[in-house]
Amino acid sequence: MPKPASEHDFLEQCFDDLFPMFRSITGPGIEQSIEYLTQFMPLVLEKVPSGSKVFDWTTPREWHCQRARLWGPNGALICDTDINNLQVVNYSTPIDRDVSLEELKQHLHHLPDLPTAIPYVTSYYKENWGFCISNDVYESLSNGTYRVLIEAKFIDGGVPFASCVLPGESEKEVLLSSYLCHPSLANNELSGPLALLSLYRRLSSWKKRRYTYRFLVNPETIGSLCFIHRYQDHLNKFLVGGLILTCVGGPAERLRYKASRRGDTIMDELMFALSEGKEGCGISLEYQNFDPTSGSDERQYCAPGFNYPMGQISRTVYGEYDGYHNSLDDKQFMGIDSLLNSVDAIERVLTVFEISGYPVNQSPFGEPQLGKRNLYPSMNSQSTRDKSDDMTIDSRTKLNRILTLLNMGDGLNRMRVVADACHCSVEELRYTVEELEEQGLLKLEVRS
Amino acid sequence: MPKPASEHDFLEQCFDDLFPMFRSITGPGIEQSIEYLTQFMPLVLEKVPSGSKVFDWTTPREWHCQRARLWGPNGALICDTDINNLQVVNYSTPIDRDVSLEELKQHLHHLPDLPTAIPYVTSYYKENWGFCISNDVYESLSNGTYRVLIEAKFIDGGVPFASCVLPGESEKEVLLSSYLCHPSLANNELSGPLALLSLYRRLSSWKKRRYTYRFLVNPETIGSLCFIHRYQDHLNKFLVGGLILTCVGGPAERLRYKASRRGDTIMDELMFALSEGKEGCGISLEYQNFDPTSGSDERQYCAPGFNYPMGQISRTVYGEYDGYHNSLDDKQFMGIDSLLNSVDAIERVLTVFEISGYPVNQSPFGEPQLGKRNLYPSMNSQSTRDKSDDMTIDSRTKLNRILTLLNMGDGLNRMRVVADACHCSVEELRYTVEELEEQGLLKLEVRS
Amino acid sequence: MPKPASEHDFLEQCFDDLFPMFRSITGPGIEQSIEYLTQFMPLVLEKVPSGSKVFDWTTPREWHCQRARLWGPNGALICDTDINNLQVVNYSTPIDRDVSLEELKQHLHHLPDLPTAIPYVTSYYKENWGFCISNDVYESLSNGTYRVLIEAKFIDGGVPFASCVLPGESEKEVLLSSYLCHPSLANNELSGPLALLSLYRRLSSWKKRRYTYRFLVNPETIGSLCFIHRYQDHLNKFLVGGLILTCVGGPAERLRYKASRRGDTIMDELMFALSEGKEGCGISLEYQNFDPTSGSDERQYCAPGFNYPMGQISRTVYGEYDGYHNSLDDKQFMGIDSLLNSVDAIERVLTVFEISGYPVNQSPFGEPQLGKRNLYPSMNSQSTRDKSDDMTIDSRTKLNRILTLLNMGDGLNRMRVVADACHCSVEELRYTVEELEEQGLLKLEVRS
């Protein structure tokens, strides 16, 4: 399903604009990034004030870092965040003084195995400062006095997040979320929000949305906790499924789905079917069980006190590429085409998710009189016995699907189970479901 | 277990009397058939008036067809329901006029693959008329003017059904049901009601019935819906199991059980055990899961709004014989012996069903003192350790069964599970169960 | 884990003192035995009066047998309970008269297959008298007049039992029980109470007991019923697990655990894991499902009306040795070393049982902020990503265990399941559990 060049170009332009912004989990960079996205989707910014109690956490002050620089003994500029904002340890305290090489090395981060890469390092919750440099540069440092200048301050502000919704027939909500706190990283940062933006544009053009879709961007971990803290009642009431989007670019051939903690949500079941080659929609997908020891914001949504039906979708992740959390993770590595391929697949998943709920027969006492609705042959003879109405040739299959949907439609069986009983995909049942809905014989329900 | 010739002869006489009656889902033929059976079992006829709302259905008017005839261009009589009442499309509208062969052919039904068979065709809920003829006759028709005369009228009457009960120790009820609406068909019609009649006679001579047994005859589909509509509260309160009897004659070697929608009722479990060769009672039986896309009245009982514990028992069914719904389905094909063989098996199944409930230990706090009831050796020595009382040689097996029945008898385990734990059949536990019941130590419970 | 010689010697002395006491299910012998144990553990004796209704049973009168003797025709003493108290049928009625050999033989018990063994025979609930002799003696009896003298009486007294507790942090109780009614038998009698005594001494020296431990000795069957009858409310409220100790000596290499009737208690699960070689603590154990047809007091605890979480632990049992219930079951056969080996294993099992409950995350809304508790690396860089804090080298494993404990800690998963998810034993999680408990992040709960 090749997309028009314009979508590619549009996302590439967004990427180029967003990449250099000096982001962190708070402060001007992330807010500027959110504001940029607001041009294309009606995100509403919210902030949870610094020092707030958010479940077990206390929200940090905002980090405003104007610029950080490091000069060598000879006065040469070694680090400058105006050139590459990965070069300062994120959330570094301000400093302006001379240090020996020995002292400096305690504050330098480099990657011996990747000599040219600049690592991405943070210290959000413990006061510290530091610089990140390539190993090549690190090895070339000579003894002498270095000057460090980090122009930063901590300000009472708040933790930002932003969301918008596309309303659907039901208030039941699907949450699509990504994080936007890493500076100058491609796959493990911008791929997520850009996929979110692309999905917003596509879903807004759907003719029919059964669910309301919420799109959320936040700083990782603390941002999702702030969102959940503020929206907990809403989520408890309306959330029926969702995806954390992370690392959805890169060269990996298959998407990877990490199931929710429950492991039996409608989305889990659908993704598992896809991983088994069902639904025949050409999506190659790997299914993994929930794991609390690594991952992204699903670790918060899937804490035992919430246990929300949130999974995580990714493509090229930690452990699968050298560039994880360093400057090798750039646009070329991520690939706009790869990102678009992920978006295609996720959109397709959501179209199946839309009809993956629980069918409920509205006339469950005996078989409804299908004949009067032109869904059953009016004459019972050998020549009509294989047909479901008088017009359609060989529509016995359709009649079987109708009878199966109605009989299994007790509100306890999901569409996936019905589809298995019909030896077809959920997708293939769509037309029959919609016809029965129009006749008032069936409703699709969903539960959180 | 050969039956006395009288049962064979009795059923053959009933068959011969009932076969030619001009039945439909309403009207004189089915009522006459019910009245015939009333000579031998105390069926009470009930009718749901025409035009009644029965769940999603509206009951039809009665079809009174006096006679239907078709004459050829030369005046020769081609069809005459006085000769074979399959020859008119059941529920045909009245007509009396001349038609061309071309027009007539739109109303003729024949079976090209079975040149001598007259098909059975109905059009209950859409106004139409037609004749059914063999393909041989169809091929011989010459151009010209044909005379059609269907002397029929539609009358405000009702949908009939009839039932009677054999009371048992409990008001909990087992429903045995068959349909009686097809005219002049043997396996797929009279085998069911005749088996029902035979079972009525046998069960009425049982020394002990734990359950109440209800015997029901009705027109297929609409008749079972009418019965359920009127008896729904009763069924909800008392029904604990039952069988739809259909096509229980014919040459097939094995009986076939189609499970209830629940798939885990006591009857389902028993039939599954039989299909696995358990219960060792020589019944060869095939077990099939419930399927809403074909079958008989169990499709109504097992609609999701009812979900009653009703299965279907059959022998030679649709897809397994050429004569399905045509004149080849006659007494010779059905076979009275085959029918009796089915009755033997069903009676045997019911005797096991009687003790297939949930044993409930009436003295569940510790082991009861079996010694004072002469169920345990009074002296504990090596020579008595293998015995359960002082009189019986090698009755350790019996003691083990007693202890197992009492220990598992918490009202949650079925007899089937206890029997498996005892490495024997439910049947083999009967005597021990009855002994413990007499001692007041055990009750058998059943749940719907 | 070799024990100091003193434990061996201590138990051997107890064995030698207890062995000759003339025990029965009531009367002076069992009370004297309990009083002996009271020197070393604070057992409190209770009695349920003779003639009491205890569930389905009526408690018997006490049997006081001073001495029983049998003389031959030549005046030679053949049996004398002052020499071996197995020689009288336990609960024999008093008798003092001359009998012919023919009459006598009706009251003699011997074991043709074991010519030198004196069998142990009882007749608690039916009046009778008899003597037990070796087959060699039996074969040598000559015709003539024998004199039988059984000096016994039945007294209104009661059925005794005795228990004491070691209190723990929780009132939830673990019950360790054995029976003490057989006279002069070693493996199938004294091994149980002696193991109980040894466990009492060991557990009393534990630094921390999460549960309260109750130690119970009683006459088999009737004694456990009397205890349950009196303590039923207490057991219903507090009992969370327990073991019947029986036949824990003897030459068998492996311990054997017979599961509770539930089959899914924490103890059952732990024992099953041990039988599968998990927990890696070198205990070789066979796991058997519950069976109501043989065994000891667990048959009463696991009656359906109680269904208590009680299993049975044994080593060399009925069917596995010739000496069962006869004089071959002596100290040499039982072996003090074998008994101590069983005690070692049971103590080890109990230490794992202590932490085998349900972890409950006390901060379940999102991940707790582990960094502020020094349980998470304060700086996120490649070099710290594999660590859980700043001090510990390679503590990623520990962090994973923390995250898994917290995420699975919803009060529904047992430690066994968490351990499996962590690919380690429950024992290996002990330190992490305790650290999280100290931090207030986790509580271990247990349910009956």
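Labels for the chains are A, B and C, by order of writing; each one numbers its residues from 1.
Everything that follows uses one rule, which is that a contact is a pair of C-beta atoms (placed from the backbone, for glycine too) under 8 Å apart; a residue touches a chain by one contact, two chains touch by 3 or more.
Just so we're on the same page, UniProt names per chain: A, B, C = Aminopeptidase-like protein.
Being a predicted model, the structure only gives us computed values, none of them experimental.
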| item | value |
| --- | --- |
| Copy pair subunit A, subunit C: interface residue numbering same or different (half cut) | different |
| When subunit B is superposed on subunit C by its C-alpha atoms, the rotation angle in degrees, nearest 5 | 120 |
| Chain centre separation in whole Å, for subunit C relative to subunit A (CA means) | 56 |
| For subunit C, residues that touch 2 or more chains besides their own | none |
| Complex contact set, residues of subunit A against subunit B | 361, 363-369, 371-372, 378-383, 399-400, 403-404, 406-410 |
| Complex contacts: residues of subunit B adjacent to subunit A | 55-58, 89, 109, 111, 119, 121-126, 128, 221, 224-225, 228, 261, 292-293, 299-300, 302-307, 325-326 |
